[in-house]
Amino acid sequence: MASIAQAAAENLLSPMVLFFALGLAAGWAKSDLAIPEAIAKALSIYLMMSIGMKGGIALAENGIDQRFLLLCLAGILLSFLLPFLAYVLFRRLGGIEPVSAAAIAAHYGSISIVTYIAATAYLREAGLAFSDQMVAIAALMETPAIMAGLFLAHRFGAPAAGTAAISANRPPLGRMAHEVFLNGSVTLLIGAFVIGWLTGGKGGESVAAFMFDPFKGVLCLFLLDMGLLAARRLAQSGLPRPGTLLAGILVPLCGAGVALLIAALLGIPAGNGMLFVVLGASASYIAVPAAMRLALPRADGGLAITLSLAVTFPFNIVLGLPLYAAMAQALLQP
Amino acid sequence: MASIAQAAAENLLSPMVLFFALGLAAGWAKSDLAIPEAIAKALSIYLMMSIGMKGGIALAENGIDQRFLLLCLAGILLSFLLPFLAYVLFRRLGGIEPVSAAAIAAHYGSISIVTYIAATAYLREAGLAFSDQMVAIAALMETPAIMAGLFLAHRFGAPAAGTAAISANRPPLGRMAHEVFLNGSVTLLIGAFVIGWLTGGKGGESVAAFMFDPFKGVLCLFLLDMGLLAARRLAQSGLPRPGTLLAGILVPLCGAGVALLIAALLGIPAGNGMLFVVLGASASYIAVPAAMRLALPRADGGLAITLSLAVTFPFNIVLGLPLYAAMAQALLQP
Amino acid sequence: MASIAQAAAENLLSPMVLFFALGLAAGWAKSDLAIPEAIAKALSIYLMMSIGMKGGIALAENGIDQRFLLLCLAGILLSFLLPFLAYVLFRRLGGIEPVSAAAIAAHYGSISIVTYIAATAYLREAGLAFSDQMVAIAALMETPAIMAGLFLAHRFGAPAAGTAAISANRPPLGRMAHEVFLNGSVTLLIGAFVIGWLTGGKGGESVAAFMFDPFKGVLCLFLLDMGLLAARRLAQSGLPRPGTLLAGILVPLCGAGVALLIAALLGIPAGNGMLFVVLGASASYIAVPAAMRLALPRADGGLAITLSLAVTFPFNIVLGLPLYAAMAQALLQP
Amino acid sequence: MQTHRKKRIEIIVESAIEHRLVAAIEAEGASGYTTHPVIGGKGHHGAWQEIGITPGSGKLAIVVIASPELAERLVPKLYAAMADYSGVILMSDVEVIRSAHFS
Amino acid sequence: MQTHRKKRIEIIVESAIEHRLVAAIEAEGASGYTTHPVIGGKGHHGAWQEIGITPGSGKLAIVVIASPELAERLVPKLYAAMADYSGVILMSDVEVIRSAHFS
Amino acid sequence: MQTHRKKRIEIIVESAIEHRLVAAIEAEGASGYTTHPVIGGKGHHGAWQEIGITPGSGKLAIVVIASPELAERLVPKLYAAMADYSGVILMSDVEVIRSAHFS
């Protein structure tokens, strides 16, 4: 316990978390500090490119083993199943109506790539080894949750009087799949992964001064923006009700628990296991909201983003990282 | 004298000044070269973050001494008192009406962080030692001048017939203070300073490849944009009248003189002293214009920006830096 | 032959070409991946600054010899004469009406600086020496083609019934020249070249961490965007007709051939010769379209950009680079 | 200077369904349209602002100049395509010079 | 297609006092508003352009759709809030489909 | 609240000839104008979108508030300046508060 508290305290003093806190504080105080939208998008593109390519290079260098493939499968399954758990909690504890609860649940089955990135930076700082190709699992877990969310909405979303259950003019499935799988960040993450895998270490070296060296500093700037966004989100929509808030903390903890169990069953080592736990615990705020907006326009998209961006994301970054790392180190092999 | 001329010539050939000159030339020739606004903002955010964090780290490593605290106090006082001097010069020499003269005076009491940054780059090139934590004094000097400017406007701004002296619907003081202290660049500068101080050298190392190494190159790009802005500003508003122009050069020289005197009295060494002189000599074009725009809408905000951005800033960058360095080296202890 | 195929295969697996391909694929699949416009402009500004300064520094360090001056002259002449050849091919083979053919021809006489940049990266990878000051020739070749294009349009553009040949309100020549010579990228390229030449290696060192080290990685990101643009261009305008398409490949090949001949006659070594060939083969999509748009508004500007950006550029990057390098190595002295 | 009466249709809508409205505009045979950026606002679905990378809040404005007859046909189609989504449609009178340019 | 007459109020104003106008709009009970970016212009206070980091020049456009009665009340309030600051207010007629959507 | 009738001229035009239109606006003595960004559209010259660094596609919207008399003079001048180039001009009625502010 003491060491968790100490790790949490150290995490609190990392530049990463401090810049996030600065963003939160500036946003909360209504400072006019703002990262221009184009820059925020560029930072996010940079992080995707970098993490994707790093993953591909790692794959090219280390190859693939059976345990990794199993973990891939487990990730896909986890992303598809977590929304069912999340749905129940958001309905019961959060008191959210069915269609919105289904949409929110999809966010929590999917993952937050920035949380994943922060976790890799955390592990590097803590000196705990992990494989860069874990990012492939992150990419695989982006989308299955969306199917689960749609299923839940169609199954439990009672039609309003005289209207169709979900949307009068529902987007065709092809368009939906397109929106999801060709989402810019998913495309880039996977594309850069493949490029890294094709070029291997040699290709990586030639672009390292841009693609890898500034990574941690860029992450700080990006987290500053995330802090600003989270604070502004809260200012615009207000804090969710206590039950909903609680669910926004409990669902990631449950996701972390389930993921830890899987990692233990598959004999995954601590570093990779911690990253898998982070994937289970984190919630999407880029790919999934766009898809839900299109497919379930009547769901409360604002609440979904408030929860994933302004409740779960800060929780994971500030308290979650040291907690998940401690859990992984306690229960998984080194 | 010979060595000042030589230093000035060398300064003229530094990439920093040359890129500024390129911007001036391109803007003057109406080239369509333009740095997109989002990029200019990002560059400025980068410079604030970097210089702030560097300052905080220096504070963490070197601690604080009494002389530094005295200099902080002196800086605050200087920022508050310089506008009175500037007001007289802009009224008498510049022939500017009271409210506008008060607003302009506030700009000259405050500081230009980019001029400060250019001065640190100049010192580094010249091999003259200074303390990075001097940036804290820059941050402290941003705002007192605004109070002085408002006081001057209220004291001397004769009400137009039948209207209130300053503004029919004057912004409440709270809003003003908010606008000033929570100005984005002030927030970021101070925030990054605190972060640097909290994380110390270790936190700095982990982000150095992004936060510190590219600093000088980024400054060149930013100065290119400043040159473009200054030239466009002049093209839009025309050159100020000779008296006004002269005041735009004399006021910074007086500011420099007063600051040099203070530095000598407090026994500040040459490097830090030169930076203090630069703070005295430079004029704000970010935080103060925004505040004046809100508080003194009837003041000629365009003239204020033309003077600080297109007259004083180039003067300081091109001639001021070597001059102030020579003054500091001649009169202060090494 | 075998070695060309091998070089082509290796080029295909360079991060540069792979990111370009990723952009093409993402754009073709209508992924919503997009580089914000401000970022794309900043990347292009960065590349111009970097390549220009590198060239100027090389000039300062290596000086100038007669052969280089001759090549400069040859480049200017080539840029002026190539449009005549291109005009014939686009008229005959492409079946394009005179004014549009003239506008398109001007694009092919001019050069694509990004293709040039990719060629320098290619040579560096291939270990073939070249002089960085070759970029001066690229700058010189930007504009003569425009004169040739205008001449062709005025000579062969038959006036529509009752209207003037080219444009009812033709822009005055001064405005045109302004638009061309003060085009942002030309200004910056030349300005940075002069700065590099003035500061020499010492100035370069102080900004290298920003200006030179990240160069290749930035180029990858920029090529990703170029791929997206090319794919979107094709989606918007459709593939040109087979004859036009063929001309879009043949004209660069002819340009390459003529340039190779000149390089051989002047006794230029293989590395520099390959760059000269690339200048001959590449087509403008920044400076020339803007000038043509203003001077020949009735020309089909869309087709010109489709050809230069979505046909010739990919051809040059993917197949052209290894081909031109092989040609240069076979026919020029090492 | 002779002018002709047209309708100016202005739609503020979520970017997510831009393609759907453009499809309706083209299907009805309008001669063109223009899209403008929007940076914030407030309506029945609450306040929003373009803030960085989060999606779903993004909106834009589409302007269509059309003959009164075409507008009469087009507006209900646009209205239907926007059902469930947040946004507004306005219509006003404008004059243009060349009538043939617009359908 | 039945339409209803509303007023379209368009304000071009310095960003510095956006909050003040929005406060007035909300205080009078308008159902919504939309803000649009602006990149340059010229008026009695001279020409300006969004150029980079210098402040004070930044402007934006605010559009409010309101019933004629509300517009009659709102415009003078907006006008007063803009006194001393540079900017213009316009009002024109528009038609909307659902009347209830706007107040 | 007394209002005055003015004309609102709205021009969508290629950025390349912005300077030419602004020159015409100033030459006719308009008291001001405002430029707005535009992000895409479709017309007789095909569809376009602001995409990155390629030029020629860039467009913007210029809005001029003018007295009916000035508008009558100005619109043909603008129309002539746009000949050969892609773009549209619209004119509609608006009300302003202070008449003196606009010419």
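We call the chains A, B, C, D, E and F, going by the order they appear; numbering starts again at 1 in every chain.
As a convention for this text, contacts are C-beta pairs under 8 Å (C-beta built on N, C-alpha and C of every residue); 3 or more make two chains touch, one makes a residue touch a chain.
Since the structure is predicted, the reported quantities are computational estimates derived from the model, not experimental observations.
Engineer: Chains in contact with chain C and with chain D: which ones?
Structural biologist: A, F
Engineer: Please work out which of B-E and A-B is bridged by more C-beta pairs in contact, and write that pair.
Structural biologist: A-B
Engineer: State, to the nearest whole Å, the distance from the C-alpha centre of chain C to the C-alpha centre of chain E.
Structural biologist: Averaging C-alpha atoms per chain gives centres 46 Å apart.
Engineer: Between chain C and chain F, what is the separation of their C-alpha centroids in Å?
Structural biologist: From the centre of chain C to the centre of chain F is 35 Å.
Engineer: Express in whole angstrom the distance between the two chain centres, defined as the mean CA positions of chain E and chain F.
Structural biologist: The answer is 19 Å.
Engineer: From the C-alpha centre of chain B to that of chain F, how far is it in Å?
Structural biologist: Once rounded, the distance between the two centres reads 39 Å.
Engineer: When you check chain E against every other chain, which residues touch at least two of them?
Structural biologist: Touching at least two other chains: 36-37, 92-93.
Engineer: What positions in chain B touch 2 or more of the other chains?
Structural biologist: Within chain B, residues 35-39, 41, 214 contact more than one other chain.
Engineer: On the basis of the stated criterion, which chains touch which? Give every pair.
Structural biologist: Those chain pairs satisfying the definition are A-B, A-C, A-D, B-C, B-E, C-F, D-E, D-F, E-F.
Engineer: Contact residues on chain D for chain E in the complex?
Structural biologist: 10, 12, 36-44, 59, 61, 72, 75-76, 79, 88-93
Engineer: For a test of understanding, state which residues of chain D touch chain F in their complex under the given definition.
Structural biologist: Residue list for chain D touching chain F: 1, 3, 6, 8, 22, 26, 31-37, 60, 65, 92-97, 101-102.
Engineer: Which part of chain C faces chain B closely enough to touch in the complex?
Structural biologist: 36-39, 41-42, 45-46, 49, 53, 178-179, 182-185, 187-188, 191-192, 194-195, 198-199, 203, 206-211, 214
Engineer: Show which residues of chain A lie in contact with chain B when the two form their complex.
Structural biologist: 13-15, 18-19, 22, 25-26, 29-39, 125, 213-218, 220-221, 224
Engineer: Contact residues on chain B for chain E in the complex?
Structural biologist: 35, 37, 40-41, 44, 167-169, 225, 228-229, 232-233, 236-237, 285-286, 289-290, 292-294, 297-298, 301-302, 305, 309
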